[in-house]
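Okay, so chain A shows up in both of these, paired with chain B first and chain C after.
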Partner chain A sequence: MSLWVDKYRPNSLTKLDYHKTQALHLKHLVQQGDFPHLLVYGPSGAGKKTRIFCLLRELYGPGVERLRLEHMNIQTPSNKKIDITTVSSNYHLEVNPSDVGFHDRVVIQELIKTVAQTHQLDPSGQREFKVVVICEADCLTKDAQHALRRTMEKYVATCRIILVAHTISRVIPAIRSRCLGVRVGAPTKDEIISILQSICRKEGLSLPNELAERIAMQSNGNLRRAVLFLETCKVQQYPFQPDQKVAAHDWEIFLKDTAKMIVQEQSPQKLLQIRNRLYELMIHGIPSEFIFKGLLQELVKNCDMQLKTQVVEKAAFFEHRIHLGSKPIIHLEAFVASFMASYKKFMEATVADLF
Partner chain B sequence: MHAFLKTGKLSGGQGSLSGAKDKPGQSGVLKKKSLTPWVEKYRPRTVNDVVEQNDVVEVMRQCLNGADLPNLLFYGPPGTGKTSTILAAARQLFGDIYKDRILELNASDERGIQVIREKVKNFAQFSASSIRPDGRPCPPFKIVILDEADSMTQAAQAALRRTMERETKTTRFCLVCNYVSRIIPPITSRCSKFRFKPLGNELIRERLQLICSEEKVSCSNDAMNCLVETSGGDLRRAITCLQSCSRLKGSGVEICAEDVQEVAGVVPVELVNGMLDVCRLNNYEMLTEFVDKLMQEGYCVAQLVEQLHEVVVFDTNMTDAQKASICDRLGVCSFRMQDGGNEYINLLDLGCTIIRTMKM
Partner chain C sequence: MAFKLNWISASFDKDKPDEVIDVDNLRMEPAIDEVQRMNYSCTKEKIMTKDWLKEYAPKIPSELVLQKPKLDQLNAWLQIATKRVGMAPILLITGPPGVGKSTALKVLAAVQHIQLTEWETPVDIDNAELAGSGHLIQSQASRFEAFLLNSGRYVSLLDNGKGMKKLILVKEFPNVFTLHPTQLFDILRRYHVMGRVPIVFSLQEQTEGSRGIFPKQFLEELNIQQISFNKVPNKSIMKALKRICTLNKTFSAPSADILEKIVECVHGDIRNAVLQLSYELVQDKHGTIKQHNSHSVRHASHKQKSKIIKPSTVGRQNSVKMSKKQSSGNKSSKEFEAGGKDRQLPIFQRVGRLLYPKKSQDVAFLTHNPEEIVDQTLAHPGRLLHMVLENYLKVFRDMNDSCRAIHYASDADTMMSEFRERELTLPMALSTLARGFMTCKSTASRKWTPLTNQEYFTVRQRTRAVREQIISTNPKYVLMPRDATMDILPIIYGGLSSRLDSHPCEDELCDTSDDEADMVLLAEGSKNLQHCLSTVIDAASGIQVAPKEVVTAEKSDADNIKGEECMTGTPYEIQESESDDESKISEELPKAWLDNDIEFINNVHHF
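Coming up: the complex of A and B.
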């Protein structure tokens, strides 16, 4: 039994539920048997990978669904051996070079070049080119991106590259100008609701509209999350109640509580407790970016406009530093401490005004 | 370079545009023609085809007529024809023996100090004769093209210094880069520098129109303006954009301005103005709502920042002090995002700054 997310993932361009004109355009694109390098970007859960797979299926037929997992060994110039896992079919190769950290340049140079340099043995009946899907392209180092530039031009006859990214702000312009950008925006609330309803219909369940609406609200435009929420609700309780609780992620609740603690009391002891909680979050693999965003959203709720601007400015400042340093916890804690300081000052000033 | 040789695009008669159409080795399969990107197909084939860059074309032309070739350093923004110029020149200089006389290294090749010491040095040490195998004369040197030289390490650049001098008899170097400031001074002083300027709007339009008529693409006037505007002097970007649009729309359908905007990743004007309008309301909740919406749509924030800059600078209602403080923050945010900063937080920060300055 597979999860609903996988079970109801559309597998052809015509079956996509939203961005239909874009789907039509993509269909045009592959109909000519060829497409340029693509750069697919959009928020998570908006359907980037789904679209890519539909595209590949359209191009190569159902053969692309036979996937296999491979481990590759690559040696860096400094004689360090690195392992990378790839998912591939006969026609395409999916790889996430940022898995190996700052060695990603070597992966790009070696792996992709090897794939790109091999021609198809029998070009009749199949395409002349293979497709390399590079995930998290926005996390590639600048070196790796530069290495990609000429590779993209040089091997265009045998290889097409599809880059997947959350945001293209971090992709260098030289790569952007070589790719066709495909923006996949998140579905709207109504679109999510109608998808949830149609899934329930196929499963033979009845879903009250209020619940669908609340799930859509809580999913924040992330369709994958919405479907997962729906399935969790089904496991918890069926038949659905319109006022049923939609269980949010544990870590989100934990983060909200942490933010509350910060607002309640500003003291060194509290800071120590907060540190433990932040560590707890990071141990469970929550990216520091999410922690920052979550904390910021909660903390500004209790501030006036002037303090809000200050807090946001601080958040941006410390968040930037994370990317320059190596230990996120230091910067997270610095942010919490500086928030505490300015919040306390603000509270004292308000109290003083009262008397 | 390999792409050129494989598809044989340059092997046609020199200077003739029709050279692109016969492809030895791959002919017979008509479908293959559509596989070449237009950027490669319409690359200048001779030095004379290179537009706008008069100084370098003049030097190259003299060199083709027998004058000596200095070491070259080409720099300038992307898409202005740096790589195309040197490749075309080399092609004209050497003709068929082009392959033996050129060593092209770019950022996709390993280019540490080791490679410079061994590969480049070895290549440079071989002497070249001044006659081709078929008896015709050709220049008695080889060319090492170091593409994207600004991504070479300092150590590797330093290793080049002596090699460059010692082998002047047999080898010329051509360094191609975007930022000349990243090349160490000892190297720049050994080369004659040529700056490639961004192409003018008229030239880009001309080129695009030529391609449109060659490829039988119909493109509305608005779309053409939009293409030229968004390219910002980068011809490669404009051509890729044009080709992408025509592919997306399917053949025979006219390309309109909206398609170009979508493909070029431009943030719609309404959203850019919307950001300023939201900030005028002086309401934090409205701002977060707007930012949330923008993030969900997946627009590129770096692009938005760029476009906001343009709007702010030419705004007539703001005072200079306001403009200055907003632009300052624009710069800071753009810098942070380059380093990998979170888009959401930076955009909020920017919004807050605008709100504050609007009240001034």
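Coming up: the complex of A and C.
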């Protein structure tokens, strides 16, 4: 038994539950025998990886399911050794170059070179190219993306690249134009509900519709999250109650509390506490843009229309700064500080109006 | 040697002592040359002068310029160490160059009748030369060890100090030890057991960013005591210089002005101060006409920066400033033109100056030039940014001020991240930062708050630790760390803190009971889900783990082997040393800050 998310992951393009026309297109694309580089993008939990995996299986057969984990050791030109972990089968290789920070350019160049220089040994293998799946392509540095552009052109005979990204706004146009963009949108609420119901049928459980709807609402279009919520609910209490509580993620609660603290008191001392909490979130791997978004959503609830525009403007400004700068905490703190300052002014003005 | 003397006299015969001295050239020459030159000119004038440093070196403890408590400490150690039988005690003296570490030791040892033996790193002899002779080729490390052991055992025939206690002084190491410190540690461990004579290591202060040769654990292991000297306060230097002037019969005493300028310029380096003094006096004796060449003006303008500018009115500020600059520049170049040291501020003092800016009486000007504070940084500029950020909230009282300040920090970070135009943007970023923080604070509250070291690096370390833990949960997550941390892990483990057991989550800060109930619920759920975790790992084991494959840029086998070797050793070592460094700094911190503050006040008095 494994997590339901992995257990009920569809493994062929025909078995996918939504975006069926797109799946059909992908199937035709592969049946042709060859395909261009792909750029698969969409929100998390929408099924990008699932589709890629189905595609690879369609392409190479069940051989791609035999995965192995490898640790590669690459030497940078400055003689620094970097370790990177890859997951690969005989036919493809998955790697997350942004894992090694700003050395990702070397990973892209060296890794793809080694993969692409070796031709398929197996004569019975249907295809003459290998596939490299690059995860989190939007987190690559600009340098690495430019390196990728050259690599893509050079080794096009022996290797296809599939990029996975959350957003294409941070992928340079040169790469966007070299790839066939495939957008995987988040499933609708009804689609999620039907998937949850079908999982419960397979597990032999009965799921009240109200609960399914609430889980779908809470998951916010993220199918992975919805299935995980469902499993948590099952472990907590079965048979399901229609009014059963769906627990939010701990980091979301933590973030909400942080927002509450910001609204409660505006002082440099409080800001110091907030900074420590933000650090805590970042240590646990929550990306800064999600922290930003979560904070903003909570904070604007306490604002009137005029203040809202100010706050959102500030948020947009500092969110952009995060991408320009190199230390996200500074810009997060700057946003919190500027919210505190303007909120304090706003509160003082309303109090003054009262008397 | 004879040849060398010829060379010196030949070169100096050309310019007669009464002619203009090329100051530029003088500046370039190292201090030793200055002394030699002086010797030469003095012998020519039939004046008996030797090395001033030797001649006027302190002979009795009361003449030493170091702080009294430190001297007492050193004295006490010497007494105990020489009496002790058994394990050889070791002492480590640190301090900036030229504060008189060795001199203090020599004087105190002489008082207590202890014989000093000093280690000198031998110059390597050419292999070709050695091939002919029957000498044993010995590594420097083994020579060092032999020196340590033998110097205690044998008495030199030339020395008449029979029955005197002994002490070994080590001021430099063979180079091998900087590369492989463990070798040194092994030798010292052996010596600690076998040797009898106490050793004193006299080393330069560990500069920012680089570590000293001895890690803390090692100091504790061998029970090595450490005495660190600070810079010599200006008053003490002045006292010492005055003493030399009174001792000196050949030259007339210089004016107090010149002495003051020397003191100001050497920044607590007594050796340099004496050299400067001798240089000044010799020049006076010759009655050289000093010319204002480009160099002296440059030097003057450099000095001028540290002066407080107080223009009388704001309206005329520019012109007044200019004229003041001119006049004071000329004045100082007339009176004093020897080269000084670059001023270096410890990082805590710099941060202090940024956070507690001093304004001169006219509010429009700051006492300390922001750029200058930044220029004096030795460490990576990013570190200054972090230090300031770490501490500004403790100092600022007003929300609007801190908002403006952090806005400047955000600007600075954005500019600093621009790698392509780094030469241009980095100074701009630092200037923005410094000026921003210095001008933002409106309420002048000067309450003593200890400055803390940067949190940022511990945060980075912990982030790394969390990431490793994620991967250890299921190696597949390395491909999607974002999704894993945001969706899957919260389900498997409940509560942010329990994901990494080592640090407590600040739960007491969340005051809403609703959320706490949520958390509890979540924790229960997570407990029940723990069994899934094991199955997750089972599923992961379905992935075969291949043996490590080494892909190097070079394809040669030798490189591959080398790569693997490095892979096993290096990364952890680096991590350890980093943490070591950090912890050390944070420990030293309150004291350092205090010392700096005192010294800072001293300096101010002197201005």
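Basically, the second predicted complex is superposed on the first by the 348 of 355 C-alpha atoms of A that agree within 3 Å, B and C clash if a C-alpha of one lies under 4 Å from a C-alpha of the other, contacts with A are read in each partner's own complex, and residues count from 1 in each chain.
Throughout what follows, a contact is a pair of C-beta atoms (placed from the backbone, for glycine too) under 8 Å apart; a residue touches a chain by one contact, two chains touch by 3 or more.
Owing to the predicted nature of the structure, the values given are computational and were not obtained by experimental measurement.
**Student:** Superpose on chain A as described above, then tell me if chain B and chain C fit or clash.
**Tutor:** These partners fit in the superposed model.
**Student:** Mind computing the angle chain B to chain A to chain C from the CA centres, in steps of 10 degrees?
**Tutor:** 90
**Student:** With the two structures laid over each other on chain A, which partner does A:Arg149 touch: chain B (first), chain C (second), both, or neither?
**Tutor:** A:Arg149: touches chain B, not chain C.
**Student:** In the overlaid three-chain picture, which partner chain does A:Ala46 touch, first (chain B) or second (chain C), both, or neither?
**Tutor:** first
**Student:** Is A:Ala334 touching the first partner chain B, the second partner chain C, both, or neither of them?
**Tutor:** A:Ala334 contacts chain C only, not chain B.
**Student:** I want to verify the contact counts: of chain B and chain C, which reaches more residues of chain A?
**Tutor:** If we count touched residues of chain A for both partners, the winner is C.
**Student:** Touching A:Val246 in the superposition: chain B (first), chain C (second), both, neither?
**Tutor:** neither
**Student:** Kindly classify A:Ala157 by the partners it touches after superposition: chain B alone (first), chain C alone (second), both, or neither?
**Tutor:** A:Ala157: touches chain B, not chain C.
**Student:** Applying the touch criterion given at the start, work out whether A:Pro77 contacts chain B, chain C, both or neither, answering first, second, both or neither.
**Tutor:** Both: A:Pro77 reaches chain B and chain C.
**Student:** Touch check for A:Val100: first (chain B), second (chain C), both, or neither?
**Tutor:** neither
**Student:** For A:Met347, using the defined touch cut-off, is the partner it touches chain B, chain C, both, or neither? Pick first, second, both or neither.
**Tutor:** After superposing on A, A:Met347 lies clear of both chain B and chain C.
**Student:** Considering only the touch criterion stated at the top, classify A:Val300 as touching first (chain B), second (chain C), both, or neither.
**Tutor:** The answer is first: A:Val300 touches chain B but not chain C.
**Student:** Using only CA atoms and the superposition described at the top, report the least gap between chain B and chain C in Å.
**Tutor:** The answer is 9 Å, the least C-alpha separation in the overlay.
**Student:** Can you pull the chain A residues that chain B and chain C both touch?
**Tutor:** In chain A, positions 77, 324 sit in both the chain B and chain C interfaces.
**Student:** If you look only at chain C, which of its residues touch chain A in the complex?
**Tutor:** Those in contact with chain A are residues 389, 393-394, 396-400, 402-403, 406-407, 409-410, 413-414, 416-417, 455-456, 459, 462-463, 466-467, 470-471, 475-476, 478-488, 490-491, 494-496, 499-500, 505-506, 509-510, 512, 515, 518-519, 521-522, 524-525, 528-529, 532, 535-536, 538-539, 542-546, 548-554, 559, 563-564, 566-567, 570-571.
**Student:** If you look only at chain A, which of its residues touch chain B in the complex?
**Tutor:** On the chain A side, the touching residues are 25-26, 28-29, 31-36, 41-43, 46, 77, 108-109, 113, 128-129, 143, 146-151, 153-157, 167-170, 173-174, 176-181, 183-186, 220-221, 289, 292-293, 296-297, 300, 305, 308-309, 312-313, 315-316, 319-320, 323-324.
**Student:** Please output the residues of chain B touching chain A within their complex, sorted ascending.
**Tutor:** Those in contact with chain A are residues 1-3, 6-7, 31-32, 34-37, 39-40, 78-79, 106-110, 112, 114, 147-148, 151, 178, 234, 236-237, 240, 243-244, 247-250, 262-265, 282, 284, 288, 295-303, 333, 336-346, 348-349, 352-353, 355-356.
**Student:** Of all residues in chain A, which touch chain C in the complex?
**Tutor:** Its residues touching chain C are 1-3, 5-6, 44-45, 49, 66-77, 81, 83, 85, 87, 94-96, 99, 110-111, 114, 135-136, 166, 222, 224-225, 228, 231-232, 235-236, 245, 247-251, 253-254, 256-257, 260-261, 266-269, 271-273, 275-277, 279-287, 290, 318, 321, 324-327, 329-331, 333-334, 337-338, 340-341, 344.
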